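Please go over the structures that come below.
Each of the next two complexes has subunit A plus one more chain, namely subunit B in the first and subunit C in the second.
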Partner chain A sequence: MDWIETLINGALLGALYGLLGLGLALVFGVMRVVNLAHGEFIVLAAFGGTTLASLAPSVNPLLWILPVALLAFGVGYLLQATLVNRTVRSGDPLIPLLLTFGVGVVLRNLMVEVFGTDPRALDGGAFTQAGIEFLGLRVGVFPITVLFLAAAMFGGLQWLLAHTEWGRIVRATSDNARIVRLMGVRPDRVYNTVMGLALAFAAVAGMLLALRSSFNPYSGVERLLVAFEVVILGGLGSFWGAFAGGIMLGIAQLLGQKFDSNAAALYAHLLFFVILVIRPTGLAGRAS
Partner chain B sequence: MKALGLVLLALYLAAAAAVPSLLDAGWMTLLSEVLLMLAMAQMWNLLAGYTGLVSLGHQAFIGIGAYFVFYFSDRLELHPFLLLPVAGIVCALVAALLAPLLFRLRDAYFSVGIWVFAEIVYLLATKTRELGATSGVALKSMRLVDTETFSRDTFWIAALLALLAVGGVYALIRSRLGLGLMAVRDNELAATSIGIDVWRNRFAAFTISAFGCGIAGATYFTGSMFVSPEAGFDINWVVGMMSIVIIGGIGTIEGPIIGTLLYFGLREGFTAWAGVSGSWYLVAMGLVAIAVMLVAPRGLWGWVREHWGWEGFSERRTPPATLLADGGQP
Partner chain C sequence: MAALLEIDDLQVWYGDLQALYGVSTALDEGRVLALIGANGAGKSTLLSAVCGLLEGRAEGAVRLQGAPLLGRPAEALAYEGIALVPEGRMLFPSLSVEENLRMGMLTRRAGHWTLQRVYELFPVLQEFRTRPATALSGGQQQMVAIGRALLANPRLLLCDEISLGLAPVIVRQIYESLQQVRAQGMAIVLVEQDVQRACRMADAVCCLLKGRVTLQGKADAFDHARIAQAYFGH
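The block that comes next holds the complex of A and B.
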């Protein structure tokens, strides 16, 4: 029973991991940009959440998720419009990567100066503690909610891309940014909304993770690594692959914790490394 | 150009020889750090700038080199300085073993693959009691060391490593191998079609950069007489190397030199003189990196080259006169 519980909890944690990678996968899939500041934006959203929660202590922090996500959308839109678009135009993928690296360094150290390095967490109250018994298994209500939220966001994004006008434009821009110009589409504007959306997903993931475990300004690096592992396990640009990759990592993490409580991440990393070596293009990627 | 190079070399050697008698221990430690960082940045630049492989895991080699020296100098009763080159060779071997696995990965996959490798080594180090686990180890072989001359010798080793890194990369990129590397970076398909062995070129650059980072990391931690997993396998090593290289100019010899001067200039300027604590210099460094990527994506030296036409330590070579005389167009 113990083992089944670990597997279930691992899968639930993995759904959250998948969400960490969703924005990264979206940005890479559409504009071939590897956003090295992704982890910092995840942490920044969590700091936004704790700040709002301390300003209005009577409000349940879960209610702040949507406003923070909207704010993150605006930040992403502006980031893309003012900085990243200029480097995407160069055609050399190394330049936006190095640019977002600079953005990450600035954000991380600004957060150190503004918020300090003490670990923080969001307190979700009774909801995050509650659990339900089912066939003798105890599973948290909050992780299940996260699973549904994550599945809804993955599914929602997939639906948006597959069935809406906006989705067609995004896919067309991703295929060939030059040709869509002939159809009256401005690739820059498409990229702006895509980056906004990606950071909104990152913000939701950051808030949810802050409700689970503590963070500090340096956590962004770990978050980025998890997001990367998820995305690459799934095959860059594949959303459902990322979801599956997240769940695998979550399970590996909690099984690792069971074997060896002080190096849980080691087993997740080893799993990632082994899979990457066996299948260099990820689970959902085409075999090379 | 050759004469200028020799003059610069002579000046550098003279300065390195004079520093220990002119400056106090604090300055010498700082200069050692500057020189080692330059060597590491140059090694990262060799890989990223000349082969296009962006490594986010070079801290692995720094940590492995340091731990190797700490452990074996104590075990084998050897002076730690003697083991520094061996640490480099060990790191090159690790890189050689990793290469067949990592080279199957492209672009971002490679970057993350090597980062995860570094994390695995880091976590293993925190679990190994022989190496002091999470709390780290002191340099036990200090008992074999003459403490009077220790910091001076460390400085000289750092000075030598920086010189070898800069000179070595310069010689390398002007060699057949270097030309092959750049051809692969610029157009892999075209390079393959003229018979360049892509895999072997990358392999050489990767092992050399691991070798250099291994020695430099081992020297840094030997000088500080203490290493812990947190410090040895710190991602900030790569953050530093990367900042330095991209600001100075990726894929140039001068770039890392300029970047290193700017990095430490900002750090010391902010903390020592302006009295601004902690992380503000990193904020400034990040802002400079952003500005450089927007205005001059080839870095400061790349901009100078483009606008002022300075060549410096260029990889460009003039064809032999006989070839020109035969009617070949330069």
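The block that comes next holds the complex of A and C.
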């Protein structure tokens, strides 16, 4: 029973990990840009959440998720419009990589300056502590909520991309940004929206993670590493692959914790390494 | 009255390399212009300058019903009624046949061409509407590319090498469809290496050689030898 509980909790943690990688997968899938500042944006959103929570302590922090996500959308849109688009146009993938690395460094140091280096966390109150008993298993209500939220976000994004005009434009722009202009589409604007959406997803993930564990301005690198592993495990650019990759990482981490409580993350990284050796294109990736 | 398309003393450079030298030509509403020439003659460069995809430096003038086009981006010119069937089809691989076709409707220009009419023009596309566009045969893909351009209801349709790499029977079928498009009064610029076929369909012909116009006039005004001389330069 204990093992089953570990598997379930690992899967629930993995849903959150999947969400960490969703924005990264979206940006890479559409623009072929690796956003090295993704982790810093996750942490920045968490700081945004703690700041809002301290300004209005009577409001449940969960209610700040949507406003923070909307704010993150705006930040992402502006970041893309003012900086990243200039580098995407160059056609050299190294230039946006360097730019986002620089943005990440600047953000990290700004967060140290503004918020300090003390660890922080969001207190979600009784909701984050509550659990339910089912067939002798105890599972947290908050992780289950995160699982459903993550599934809804993955499913929602997939539906948007597959069934709406916006999604069609995004996929066509990803296929051929030059030709799509002949149909009246401005690729820059598509990229702005995509980056906005990616950072909104990152913000939701950041807020949820802050409700689960502590963070400081240096936590971005750790979050980015998880997001990277999720995206690569799933297969670059595959959203459901990223979701599955996140769940596998979560399970590996909690199973590892049972063997050695000091080396939980090591088992997740080992799984990543093994799958990369067996299937370099990831779970949902196609062989080239 | 101004011609639909006017190209006046157009010169184009890619870096230090000059691709077009003072090209001038014109096309009236509802007419077909065959733009012919060997590889590297500058035909695709000329089309790029008209549809806004030119990446080089340009001087001179390109006008659509008197309105200047040169320097304006392709996404703006799509709304003005210029559509291109690009060389190599350039369909979107992650989109189905119908999704590719619907991409042509984004400018929301009203006109004769609807999805249903495109399916009537190319019935095979309706049958394969949910398939990935790039899973179709070359000829069927060319039909999707033409249909996508038609659904923009353009005033000017630019076709770049639409017969390239296709079997003769398919080329004949596609040209028959273009005759139906022409019957709706759409002006067409046909870039072709199949000179005879292009000249048979066109009202006017313009031959380029190394970026210069070597022959221009009514398509039926020149015999084979004259066109061959303009085409090859000897």
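The working rule: the second predicted complex is superposed on the first by the 287 of 288 C-alpha atoms of A that agree within 3 Å, B and C clash if a C-alpha of one lies under 4 Å from a C-alpha of the other, contacts with A are read in each partner's own complex, and residues count from 1 in each chain.
Quick note on the criterion: contacts are C-beta pairs under 8 Å (C-beta built on N, C-alpha and C of every residue); 3 or more make two chains touch, one makes a residue touch a chain.
Model, not experiment: these values are computed from the prediction.
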Task = Return first, second, both or neither, reflecting whether A:201 touches subunit B, subunit C, both chains, or no partner chain.
result = neither
Between subunit B and subunit C, whom does A:142 touch in the aligned arrangement: first, second, both, or neither? neither
Between subunit B and subunit C, the one with more contact residues on subunit A is chain B
Using the touch definition from the top, say if A:176 reaches subunit B (first), subunit C (second), both or neither.
second
If we overlay the two complexes on their shared chain A, which of subunit B and subunit C does A:266 touch? Say first, second, both or neither. first
- Is A:99 touching the first partner subunit B, the second partner subunit C, both, or neither of them? first
(Q) Which partner chains sit in contact with A:41 here, subunit B, subunit C, both or neither? Use first/second/both/neither. (A) neither
Quick check for you: in the superposed arrangement, does A:168 touch first (subunit B), second (subunit C), both or neither? second
Discussion item. A:277 in the overlay: touching subunit B, subunit C, both, or neither? Say first, second, both or neither.
Written reply: first
Subunit B partner, complex, touching residues on subunit A are 28, 34, 83, 86-87, 90, 92-95, 97-99, 101-110, 112-113, 221, 225, 228-229, 232, 236, 262-263, 265-266, 269-270, 272-273, 276-277, 280-281, 288
Seen from subunit B, its contact residues with subunit A in the complex are 52, 54, 101, 104-109, 111-113, 115-117, 119-120, 123-124, 126-127, 235, 239, 242-243, 246, 250, 278-280, 282-283, 285-290, 293-294, 297
Residue positions on subunit C within touch of subunit A in the complex are 51-53, 73-75, 78-79, 83-84, 86, 90, 92-95, 99, 102-104, 106-107, 148, 152
As the complex stands, subunit A meets subunit C at residues 165, 168-169, 171-172, 174-176, 178-186
